Amino acid sequence: MHYIKDFKWKEGMSVSEFVEDLGQVGFQSIELSKAAGAVVRMKKAGAKIFLSFTSNMVTSGLRGFFAQVIRLGMADIVVTTVGGIEEDIMKASGERFRIGSFQADDVELHEKGINRVGNIFVSNESYMKFEDLINPMLMKLYEKKKRWAPSEMFREIGLILEGNEGCEDSILCQATKKGVPIFCPAITDGSFGFHLYLFQQKHPDFVVDVVQDFKNILFTTTPDEAKGVIALGGSISKHHAILATLLNGGAEYAVYLTTASQASGSMSGATTREAKSWGKIKDDADASTVIGDVSVMFPLVMIKAMETLKAEGFLGD
Amino acid sequence: MHYIKDFKWKEGMSVSEFVEDLGQVGFQSIELSKAAGAVVRMKKAGAKIFLSFTSNMVTSGLRGFFAQVIRLGMADIVVTTVGGIEEDIMKASGERFRIGSFQADDVELHEKGINRVGNIFVSNESYMKFEDLINPMLMKLYEKKKRWAPSEMFREIGLILEGNEGCEDSILCQATKKGVPIFCPAITDGSFGFHLYLFQQKHPDFVVDVVQDFKNILFTTTPDEAKGVIALGGSISKHHAILATLLNGGAEYAVYLTTASQASGSMSGATTREAKSWGKIKDDADASTVIGDVSVMFPLVMIKAMETLKAEGFLGD
Amino acid sequence: MHYIKDFKWKEGMSVSEFVEDLGQVGFQSIELSKAAGAVVRMKKAGAKIFLSFTSNMVTSGLRGFFAQVIRLGMADIVVTTVGGIEEDIMKASGERFRIGSFQADDVELHEKGINRVGNIFVSNESYMKFEDLINPMLMKLYEKKKRWAPSEMFREIGLILEGNEGCEDSILCQATKKGVPIFCPAITDGSFGFHLYLFQQKHPDFVVDVVQDFKNILFTTTPDEAKGVIALGGSISKHHAILATLLNGGAEYAVYLTTASQASGSMSGATTREAKSWGKIKDDADASTVIGDVSVMFPLVMIKAMETLKAEGFLGD
Amino acid sequence: MHYIKDFKWKEGMSVSEFVEDLGQVGFQSIELSKAAGAVVRMKKAGAKIFLSFTSNMVTSGLRGFFAQVIRLGMADIVVTTVGGIEEDIMKASGERFRIGSFQADDVELHEKGINRVGNIFVSNESYMKFEDLINPMLMKLYEKKKRWAPSEMFREIGLILEGNEGCEDSILCQATKKGVPIFCPAITDGSFGFHLYLFQQKHPDFVVDVVQDFKNILFTTTPDEAKGVIALGGSISKHHAILATLLNGGAEYAVYLTTASQASGSMSGATTREAKSWGKIKDDADASTVIGDVSVMFPLVMIKAMETLKAEGFLGD
């Protein structure tokens, strides 16, 4: 039997101690602490870890943290939406986004060429620079071969970015270095799609083969391997990660962080419990759903998990 | 100046009267009533209407309503996730889903071969029948040509379904009949993707060309045409619909129905106000965001709009 | 076994048909339809019905509907927060609130003497008139006796309002007419509290006896009687209603409508399932939790229930 | 101009560094960091700080943290719901609550005499012990005088609890020691109310004077003093705290932490922006609304604020 315990601030307390103590506080703090435990266990069991996130998280400063998480071996397969790919490329090339406000005057922003994502501002210039960056990359790819699976494209782009100063904080760059494939089942749903279209107009034999990537994600793991899922937010990135584990017998470990509730039957609100009915997660899996903003909850979960793993010799450098 | 007015039940009151009266109640009832007005205005202005929804809504009984909405000319372009395509095909072929419960025992369901989507149950058999249905369809497509854009595939499938008894309630079938293209930027993210992969293994020259569909959605409208967006829920379907309007100068009319809030910067929570900063929606657009479950809110908005349009001679039969 | 059924609009369809059909749609539409059924059953079983709501709902046009619901015998005990009492008195005396906007400039509103409640505007004048109204009422009460339970006060005020033209739409007035007690466990938490304080300064022997009202609400029902709860939103009104049923053995019927989720352990998010652990609701009770905005969901539930009851001869005139 | 910055884990990083870095991440992490800044500024400006919370937070392990926050001089006035008072008394007398689960079988819990609050379990015994504790306390109070304002009662109970071992973690005990009044505008809405009722049956001249407490909270501050509000969750505790500041000219500083959105016009979802229209918060106030679970967000905000204040010599021991 475990008891609720009065939480107390200790001067200079670390994030790790903090999350430890939250485990006895109540409501989402307990779930958060459980989620950190599940991440520790999936890593120690040698599970292949699927990490899924949506592009708004790459718009935020979590982007460098995703790169770090990949670099430290805490993600074996990444699934995301294409906006995240675009913005990682922009940022790897020096673009910076501004801290804005949820209450900004959007008509005024539009006149100034500023696009709002919650309380983050992205300028039109950032998108124009993306255009300058992506076109030579597509040409380089095309010169190699005509038919590309998206994950292959991202690996190549990761290689190109390796020369950049910004490689350390780049998701694509670190993923390429670590051999971590990045899947993006809706590669055309963004500025990237627009440039692919323009490129294909000039080069009609250029083909993006999304079906090939279904095979690729399927073969990242086998039914015999232990599998873990860390799904942030919802959308197709979450769905695709758990679909890939389903087809290999389901995940042994799962952590979902989301702000959505299950009430509307959406993917973002779907719980680890519901996933069991599908076999997406095994019946006796070590699973946890935390309700809360990923920009706060995800680093808390991962820092706690990584400090624990580090102390026990399970984390790379 | 408009005043809040005490709402009163009148025996036998119609949905149309009800939504009319909600316009003076407060909170989301007012926004709902405004949304119905925006739908009326977008139709009367002859705007091309983008309707986006996610697959869970097709799991629900909204599926037949989507088909009806398309049949009545209230949607000119549809954007959805692939689960919705799969389930429309299943249902058009006689499969039925069961009313379940959010509190069901998921491990028990799994043992019985039942998959839960919120409070709806889908059996494994339904997915097996999908397998039997999709394979001959893919072969038919392949015999015609080797390279397909997803929207072209869905049109062909719609034609095949026309023979079925279930055509009236089928989204694909009605869309094909009305010449309404269906876009699905992540066609591999589901059972459909799995079967495409198996098919491609046997027929390596079979290509699904998602880039081609970027062109197709771009050319559904022009910058000169009035455009409207009705976005249900979030995900890439919402994003793709508004991206397509952005690239043609932005929408003059927009209605978003969602349960998500803007607090986490997600696409599902993104408001019509935020969309203005991007130019996804014009600065002076007629735009409305309603927070609530689509399964209740969407039919309320559309019934009110369609009854008004019918009365004024703007609705087809 | 019950199946999901494709929803279809029928021209001129009534709210009652609409909610009936929602029962086979999915997600919150099903829960909504179940809730209407539970209300029908609690009424037909002759259960004493507790109706709880918060003051923002009285700010909205639901206020007249609450009065109608009480008049038609669908509520036997009312529990609310004091803002609702204040605003019912204001409105019964001719004050009107304006339809506003969630995006209004609040600093500008403040300069104009306008107070915002979501998308409803309440002017400072309305509060000043409340001052003019409440003071003679308190004097009248004081002249009768010195020690008052809040529910007794509201009954007296209801009697005073009976002379007003606005009696039909007034919660206090209709409750008094029907002998329905109104409880408000935090009577000082609002403008009413301020005026009670000023009055007590002049008349120190004037006492508001909240403890007496605990007895009063306890004695509205007995353990032997069937009890039902319709709780809208959260706060102390919800808690107090279910506390009163708990102390009499728990409710046989319960319908909760709320926008809050259970994730934070709050009263607003507490489900009918959780209530069973407390005995607030009986283990085998007929209970339903609907997630959604009360301004839309409550009239839908009640109209369906009342039309059904009317048709079967269980509703008063 | 401030930029989004890639977040990076540093081994052993402190909560204070963590929250500092979150200030450049995005979405709620930025708001959280801003909130910590507002708390620092309100304290340094010598503002009188109103802290409001709901009883579920006292059910959780935040209870000891509230006591610590009070002891360190970070709250000058406390407003809460009565469940929090009850549970503080139980816990100060040795009762312990258990860590449970949101998915627990509530009917089974009920059979075992266990009450669920989200993922926390409270046994019936705890309530029985409360009965044993509160009755002699009420008798002690009654012997002193017959008419009590709730805040006076809590101060007396705090004095009684000072003898207990558990005083350090008790909200009532620490508040009494520091001269911090506790207000509870709905003192009867709980087990406390039931025992007050039973006591009053035997001692009809015993009066709980809630009107007197309106005066008391009004006089805790003056229009000339700087005022700050830290409101956790919603309910009457939030409303009462900001009402008290409104009547003294509005707060200069405000931090709201909540999971509710403004969409339904509820008090829990009401933002600091809306509060400005009322004058509850001054037009140019330093105000912040954070959306998230209080059990995680509140300690993050306060630890960051207290470490900063400590470093600059503004925090007591």
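Letters are used for the chains, namely A, B, C and D, taken in the order the chains are written, and counting of residues starts over at 1 for each.
Here is the rule we use: contacts are C-beta pairs under 8 Å (C-beta built on N, C-alpha and C of every residue); 3 or more make two chains touch, one makes a residue touch a chain.
For clarity, every value in this text was computed on a predicted model and none was experimentally measured.
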If a chain touches chain A and chain C alike, it appears here: B, D
Type of chain C:chain D copy interface by residue overlap (half), same or different: same
Separation of chain B from chain C, taking each centre as the mean of its C-alpha atoms, in whole Å: 36
Distance from the mean Cα position of chain B to that of chain A, given in whole angstrom: 26
Chain D, residues touching no fewer than two other chains: 26-28, 56, 59-60, 118-120, 261, 263-265, 273, 291, 293-295
Contact footprint of chain B on chain C as seen in their complex: 1-9, 11-16, 18, 21-22, 24-32, 56, 59-65, 67-68, 91, 96-99, 103, 117-120, 169, 273, 291-297, 299-300, 302-303, 306-307, 310
Chain C contact footprint on chain D (complex, rising order): 54, 56, 59-60, 81, 83, 102, 104, 106-107, 109-110, 114-120, 147, 185-190, 193-194, 196-197, 200-201, 206-215, 218, 233-236, 239-240, 243, 247, 259-270, 273-279, 283, 293-295
Chain B - residues contacting chain D, complex: 26-28, 261, 263-265, 291
